[in-house]
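Sending over a structure as C-alpha cells; questions will come in a sec.
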Amino acid sequence: MTQLSSRPGISRELMAVRAARELRPGMYVNLGIGLPTLVSNFIEPGIILQSENGMLGYGPLAEGPERDPDLINAGGQYVTMLPGACFFQSADSFAMIRGGHIDVCILGGLQVSEKGDLANWIVPERGIGSIGGAMDLVTGAKRVIVLMEHRDRQGRPKILKECTYPLTGRRVVSLVITDLAVIDVTPDGMVLREVAPGWTPEEVQAVTEPRLIVPPDCQEMNF
Amino acid sequence: MTQLSSRPGISRELMAVRAARELRPGMYVNLGIGLPTLVSNFIEPGIILQSENGMLGYGPLAEGPERDPDLINAGGQYVTMLPGACFFQSADSFAMIRGGHIDVCILGGLQVSEKGDLANWIVPERGIGSIGGAMDLVTGAKRVIVLMEHRDRQGRPKILKECTYPLTGRRVVSLVITDLAVIDVTPDGMVLREVAPGWTPEEVQAVTEPRLIVPPDCQEMNF
Amino acid sequence: MPPQIFPTAFDALFDVFDGAVILVGGFGHVGHPHNLVRALRDRGVKNLTIVANNIGLGDSLDLLAETGQIKKFIGSFPVRASRERMTHFERLYREGLAEVEITPQGTMVERIRAAGAGIAAFYTPVGVGTIVETGKEKRVFNGREYILETALPGDFALIKAYKADKLGNLTYRRTARNFNPIMATAARVTIAEVEEVVEPGELDPEAVVTPGIYVDRLVICPRDYHDPAIFQTWD
Amino acid sequence: MPPQIFPTAFDALFDVFDGAVILVGGFGHVGHPHNLVRALRDRGVKNLTIVANNIGLGDSLDLLAETGQIKKFIGSFPVRASRERMTHFERLYREGLAEVEITPQGTMVERIRAAGAGIAAFYTPVGVGTIVETGKEKRVFNGREYILETALPGDFALIKAYKADKLGNLTYRRTARNFNPIMATAARVTIAEVEEVVEPGELDPEAVVTPGIYVDRLVICPRDYHDPAIFQTWD
C-alpha cells in the first residue's frame, strides 16, 4: 500500500491527452483553471472553447509578441483567438454557463465522491478559499469531467465514499480522469473503464476509497 | 357644463410644446406611443431619447429616403439617429427602464386618479388590450408625466377620484399635462399649476372629478 | 454544434410539432423573421403557443391566426389600439379559439432571458397593483412590493439577424436587434433567418451580439421590408 | 446627464466616503481600473465594502488591504490558490480586520445585474448543496432546487473601458470587458477610466457595449498593463 501510494501514474501531459479524447468537434467546452487548461494543447480542430471571463473561440496559448494584454483565459493565461471568436460581458458569460449551453466542462478536483460530488475550492485547514466560476460550471455544464491526480501529496485517495472538504457541487461529476484511471460515475456506482499502463484494476482499487465496479471490458488507457 | 365639456383647449402641438418644457438638456427621456411622440419635434438639443425597442439617442422623425427600415421608435415610426446613438437588445433596454435609469417618461393616458394612478392600456368594453412597455416605464422612470386630453370623446373627465379602468400603475404619475391644464400630483392632492388660455381654474375644475388645489400662483400656460 | 445551413425556411422547420412553444423575434415588422413565420404557416402545425411582442395585421404572426394555428399568444401587444382594424388573431380570441397571456414587455423579455440563463424565477416590481399580479406571489424587499415571475422557455426560437458567420455568430442592424438575441438563448432549437452568411473571422468579434453557441440552424433569406405597414404598427 | 470628464482619477473620486460599497471591474489585471483604485487608496477613505472578482497580490485591490481601507470583500476569488504568496488582504482577514463574503462568480455578476435592472432577487441553482446556500431561502421549481439571491448594488462603480465618447458610450477590448459593463449599471455613481475620449458618432453604434446613460464620470488614463503578473493571477 505504501508502495502503491507513491508509485507514479501517467504524466500530466498524458492526462490532458486522455481528457482531450472525450471532446468532439462541434462541442462547446470550458476548461477549468490548472491542469485542465493543458487540455487545450491537445484538442482537435472544431472544438470551441469558452472562457468564463467572456470569450468563445480561443485558441492555443499565446507566446511572445502575439500576447495581447487584453486577451486571457479564466486561468489568467495569455491566449490566442481563432477566426469566429467573440467576446461578451460576465453576466452574459454566466448566463451561457448556468443556462446549460456548455456541452462539457473539465475541472480540477481535490476530492470526488462515489456519487459524483466534487470538492475543489477550499482546503479546510486554510479556512478560506476561492470559488471562482466552478460552482456555476458544475451546475450548468451538460457534462462535468474531473481531471486530477488520483492521490494527494501524502498518497491518500482523492476519490472517496464521501467528500470531507466543502463541496463545489453535489452529484455533478460524470467522469473522473486521473493519472491512474478513467472512472465513470453511474447510478450503480463508480465503474473503472481504464487503468494506466502498468497498473492493474486491483492496484487502482487499493488507492481508491469506494468500491470500484470492474467490467469485463476494463482496458488499459490508450492515447 | 355641457358647454365646458366640449369647448376646445389647446392643440395637440401646443400640448407637446408644453410637455417639452418639462425636459432639460442632459435628461434621458422615453416618449410613449401616440401623442407623446409628438414631443420629440419640440425638444431642446441635448435631451437624449430612449426607445424601449432598443435605442438611445434617436432624433426627429425620418422622412423620405432617410427612412431606414431597421430604424424605428417604439411607436413604429421611422426615426433618425443622432451622433452618439447606440443600440441594445430588449432585455438590456428594459433593464435600463426597470432599473431606474430613465429620468422622465411621458405617456398617454385614458384615466389618471387623484393619487396618481394611471390607466392607459385597456378600455374594458373591448375586453382585451395591449400593455406594451407602459407598466415597465411607469414603474422604472424617475418621473412620469401623462400627456392626454382632459376629457374623453364624450366630454367626460379623464382625471378622476379613482380610475375605473384597469390600471397601468398605482401612484406613479407626477404631472398631468392636458389641453386644458397642467396639474401636479402631490401628497396633498392635485395642484392646478397652469390653465389653458381662455380657461379659468373654476372651468377646469368643472371638467375634473377630484378637487383641485388652486395655489395663488396658478397661471396661464405659456409656450 | 455549429449551425446547419438550410436551403429554405420550410426545410429549416422540419421538426416543428403540434403544440410547440415558439419564441418569435421582432418589434412590429422590424427584426421579424417573416420568412420563417410564413414557413411555419406552410408547415401546417397546430395548437402553437406563440411568444412574441406583437401580432401583425393580416401578415406576420397574424398569418398563423388566419389559419387557426395559434392556440395561445403570450406577449405585450396582442391587439391593436384601433378597433377598426381587427386582426385575425383578435377574431380567433373573441370566438374563444385562442387564449392570450398578456405581459408587460420588459417582464416578457426578462422571463425569456431567465429561461436562457438558468434562472428559475425573479422578483420584479412591474405590474404591482395591476391585473398582472393576479394569481402571482407578491413579496416585499426593502419596503417595496414585487411580483414573482417565472422563466419562459421555448421549444423553438425563430429569429431574424443581419449577418451570420458559419459558426453561427450573429449581428443585427439598428433596432432590428430587439427581442432576437434573448430569444436565441432560450429555446431548445434556435433558427435564424439572415441576409448573408460569411466566413468565421469576417464579423467584428467586438460587435457580435449573439454568440454562435446559441444558433442551431441558419437560412439565408431575402430581406422582407413591409414598409407601408411599419408606420402603423400600433394603430 | 452626459458624463463629466475629470483631469485625474483622484479628482474623479471627490465624493467617495467612508463605508461606501464600491463595485470594481476587472478579471485579474485585465480590464481592471488600476488608476482609479490607486486614487481610491490615495483618498484614504476607510471601511470600504469592495465587490470585485478578485484581490490582487500587493497591487490593484490589495493596495487597499495594505492600508487597511477594506472592511469587507464580496467576490469569488478572495485568496490565491498558493499559500506561499499571501496577500495583504488575506493577512487582514486572518487578523479579523476584514470580512469576506464568498460568492460564485456567476451569482455575483447576476446579483449586480439584478441591482441595475430593478430586479429585487432571483432563484438560481448555483450553490445548492454547498456552503453558499447557508442561511438562504431554498425553493423547488419543476423538481429542481434553487437558492434565492438578492440584488447587490453599489454606491460607486469603478470601471475600465477602452474608448468613450463624450456622451459616455463605452467600448471595451476583448476580455477586458468582463464585469465592467454590468457594474456600470448598478451603482449610484459610475466612474470609468478610459484610454481615449472621442466625439459622439465616432464609435460604431452597433459595438457600443455600455450606453452613455450609465456613465457619470470619465477620466482619461494611460493603460496600465501589469504584464508579468497576469500570467500568475491565480497562483
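Going in written order, the chains are labelled A, B, C and D, and every chain counts its residues from 1.
Quick note on the criterion: contacts are C-beta pairs under 8 Å (C-beta built on N, C-alpha and C of every residue); 3 or more make two chains touch, one makes a residue touch a chain.
Bear in mind the structure is a predicted one, so any value in this text is a computation, not a measurement.
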Check your understanding: Among the chains, which is located farthest from subunit C on the basis of C-alpha centroids?
Key -> A
Exercise for review: Could you tell me which pair, B-D or A-D, is linked by more C-beta pairs in contact?
Suggested key: A-D
Review point. Centre to centre, by mean C-alpha position, how many angstrom separate subunit A and subunit D?
Key: 28
**Study point:** subunit A-subunit B separation of Cα centroids, rounded to whole Å
**Key:** 57
**Study point:** Separation of mean Cα positions, subunit D and subunit B [Å, integer]
**Key:** 37
Review point. Quick one: subunit C and subunit D, Cα centre-to-centre, how many Å?
Key: 34
Check your understanding: subunit A: which residues touch two or more other chains?
Key -> 81, 87-88, 94-95, 97-98, 139-140
Point to revise | Junction residues of subunit C - those touching two or more other chains | key: 110, 113, 117-119, 124-126, 172-174, 205-206, 209
Revision key, fill the gap. Every chain pair meeting the touch definition is listed as A-C, A-D, B-C, B-D, C-D
Point to revise | For the subunit D and subunit A complex, residues of the former touching the latter | key: 27-31, 53-54, 76-81, 83, 90, 93-94, 100, 102-107, 109-110, 112-113, 124-132, 172-182, 209, 223, 225, 227, 230-234
Point to revise | subunit D - residues contacting subunit B, complex | key: 1-2, 113, 115-119, 165-167, 169, 185-186, 199-201, 203, 205-206, 208, 211-214
Review point. Which of the residues in subunit A come into contact with subunit D in the complex?
Key: 33-34, 51-55, 68-72, 74-78, 81, 87-91, 93-95, 97-98, 117, 126-136, 139-140, 166-171
Review point. Which positions of subunit C touch subunit D when the two form their complex?
Key: 110, 114, 117-126, 139, 141-142, 144, 146, 150, 171-174, 204-207, 209
Revision key, fill the gap. Subunit C partner, complex, touching residues on subunit A are 26-28, 48, 50, 56-57, 81-88, 94-102, 139-140
